[in-house]
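In the part that follows, the structures are each spelled out as structure tokens.
Look at the two complexes coming up: chain A is in both, with chain B in one and chain C in the other.
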Partner chain A sequence: MTHSEQLDRTFAALADPTRRAILTRLASGEASVNDLAKPFSISQPAISKHLKVLERAGLISRGRDAQRRPRRIEAKPLADANSWLERYRQFWEGSFQRLDDLLDELKIREKKTKKHGRAKRARGEQR
Partner chain B sequence: MTHSEQLDRTFAALADPTRRAILTRLASGEASVNDLAKPFSISQPAISKHLKVLERAGLISRGRDAQRRPRRIEAKPLADANSWLERYRQFWEGSFQRLDDLLDELKIREKKTKKHGRAKRARGEQR
Partner chain C sequence: MNNTGTLKVTTPTDREVVMTRVFDAPRRLVFEAFSKPELLKRWFGPRGWSLVVCEVDFRVGGGFRFVLRGPDGREMGMRGVYREIVPPERSVHMESFDDYPGSDSQVTGVFVEQGGKTTLTTTVLYSSKEVRDIVLKSGMEHGAAESYDRLAELLASEKAAA
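== the complex of A and B ==
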């Protein structure tokens, strides 16, 4: 599997709320399919399907216990997806910075307007 | 759109190599549909379809120039996807750390084995 195909699978696997919730659950420790199915109001076969998608993307693996086959999180593909997104950090930091600058500017303007208003009133001018 | 639905759309939009390449191109500046179609060996309608997916996910927007309708990158959803992944940082940093520890351990063992071998030979013992 190429790096690009791995990213395809990782992002596709993450594009579902149940699969993201399964990863969140596994973040607190490995769990069997039964454990994972409990908090969801969907059938166990449906959970198994989601687990298969996560497994094929390499986001989870199976533990050694032959009976429980507990699933655990595998972080490497998440790290790679994170690295891909990090390349765009300058854009969101840039745009938040622009938003911050705009807010600062608006605050300064507001202060000036208030001051101006008080000065006008102090001179007895109409508002 | 809820935060979860936004993540669904963002991750789904990123799960395609052409759409990721379009974002990479837009990272160096806004571009028209024609500009964006050029480097790809796919039809302009196919590019337009990909642009629609990116647009619906809020990852790109259209500039003001009515004729060119240049597309530009919108970083907020990328920042949110990055934040979601960041929660798992401890896992990949942890697993890389475990790998580092393992490599260190192997190096120490290798050194000990070599030392042991030399000591044996110095005493005239068989290897």
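== the complex of A and C ==
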């Protein structure tokens, strides 16, 4: 699979809330299909379908225990998708922190202008 | 606290990135900071970068042109066209990076005010998955270009010393 195809599958797999919830659960340790189905109000076959999508995307794999066949999370593809998002974060976090400061300044300036306007009107001056 | 200052980044589909950020200011001011060049110059760009060119024709069909300069003097240009402007609640524009022709994406900003704070939700929609990959690769290439630059500098200084 090329890097690009891998990213397609990762994002497609992550585009579903149930699958994201499954990954969140697996992030804290491996679990059987039964365990994974418990918190959801959907059937076990439906969960199995979601697990298949995650498995095809390489985001989860099966453990050795043949009876329970526990699923566990695969870190690498998730880390790749995350490093892509990290670039966004870096660009925008730096920008937005400066914007916070600017907005504070604009708020203060606006308050001053309002006060100034009121004082002028109180003195009977024309605007 | 309404999560002021925390940037949330998610990918609802394989062609979209959504960012959410809360600002402690009315949306009128936040919207102004996104539309006036004299204000944009003061905040737009990653840490250490400054907006050396900022031309904004803020009306539907009008264009913008930004050039960012990094701490090492490297420049990154981008341009776009405004598609929809509804002050102070919504704006839609197209944008692309000079270095990556065809890297078009549609950027939608929604400004929601509550209790004097503004939640800005920005959705970036890439025109195709190929474009998304171009942007992804650009990050890696930038990194590679930087190390090549350093190598070139090193070789130049060694030549001078020899």
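As a working rule, the second predicted complex is superposed on the first by the 102 of 127 C-alpha atoms of A that agree within 3 Å, B and C clash if a C-alpha of one lies under 4 Å from a C-alpha of the other, contacts with A are read in each partner's own complex, and residues count from 1 in each chain.
Just so we're on the same page, a contact is a pair of C-beta atoms (placed from the backbone, for glycine too) under 8 Å apart; a residue touches a chain by one contact, two chains touch by 3 or more.
Not measured: the values here are computed from a predicted model.
Asker: Where does A:67 make contact in the superposed view: on chain B (first), on chain C (second), on both, or on neither?
Answerer: Neither partner.
Asker: Taking the superposition as given, does A:23 touch the first partner, chain B, the second, chain C, both, or neither?
Answerer: The first partner, chain B, only.
Asker: Which holds for A:41: it touches chain B only (first), chain C only (second), both, or neither?
Answerer: A:41 sits against neither chain B nor chain C.
Asker: Quick one: classify A:12 as touching chain B (first), chain C (second), both or neither.
Answerer: both
Asker: Touching A:91, do we find chain B (first), chain C (second), both, or neither?
Answerer: In the superposition, A:91 contacts both chain B and chain C.
Asker: Determine, under the contact definition given at the top, whether A:100 touches first (chain B), second (chain C), both, or neither.
Answerer: second
Asker: With both complexes overlaid on chain A, does A:76 touch chain B (first), chain C (second), both or neither?
Answerer: first
Asker: In the overlaid three-chain picture, which partner chain does A:110 touch, first (chain B) or second (chain C), both, or neither?
Answerer: In the superposed model, A:110 contacts chain C only, not chain B.
Asker: From the superposed pair, tell me which chain A residues show up as contacts to chain B and also as contacts to chain C.
Answerer: Common interface on chain A, chain B vs chain C: 4, 7-8, 11-12, 14-15, 81, 84-85, 87-89, 91-92, 94-96.
Asker: Touching residues of chain C toward chain A in the complex: what are they?
Answerer: Going by the criterion above, the answer is residues 5, 7, 9, 11-14, 17, 19, 21, 23-25, 29-30, 32-33, 39, 42-49, 129, 132-133, 136, 139.
Asker: Could you pull out which chain A residues touch chain C in their complex?
Answerer: 4, 7-8, 11-12, 14-15, 81, 84-85, 87-104, 106-107, 110
Asker: In their complex, what parts of chain B are in touch with chain A?
Answerer: 4, 7-12, 14-17, 20, 23-24, 27, 73-76, 78-79, 81-82, 84-89, 91-92, 94-96
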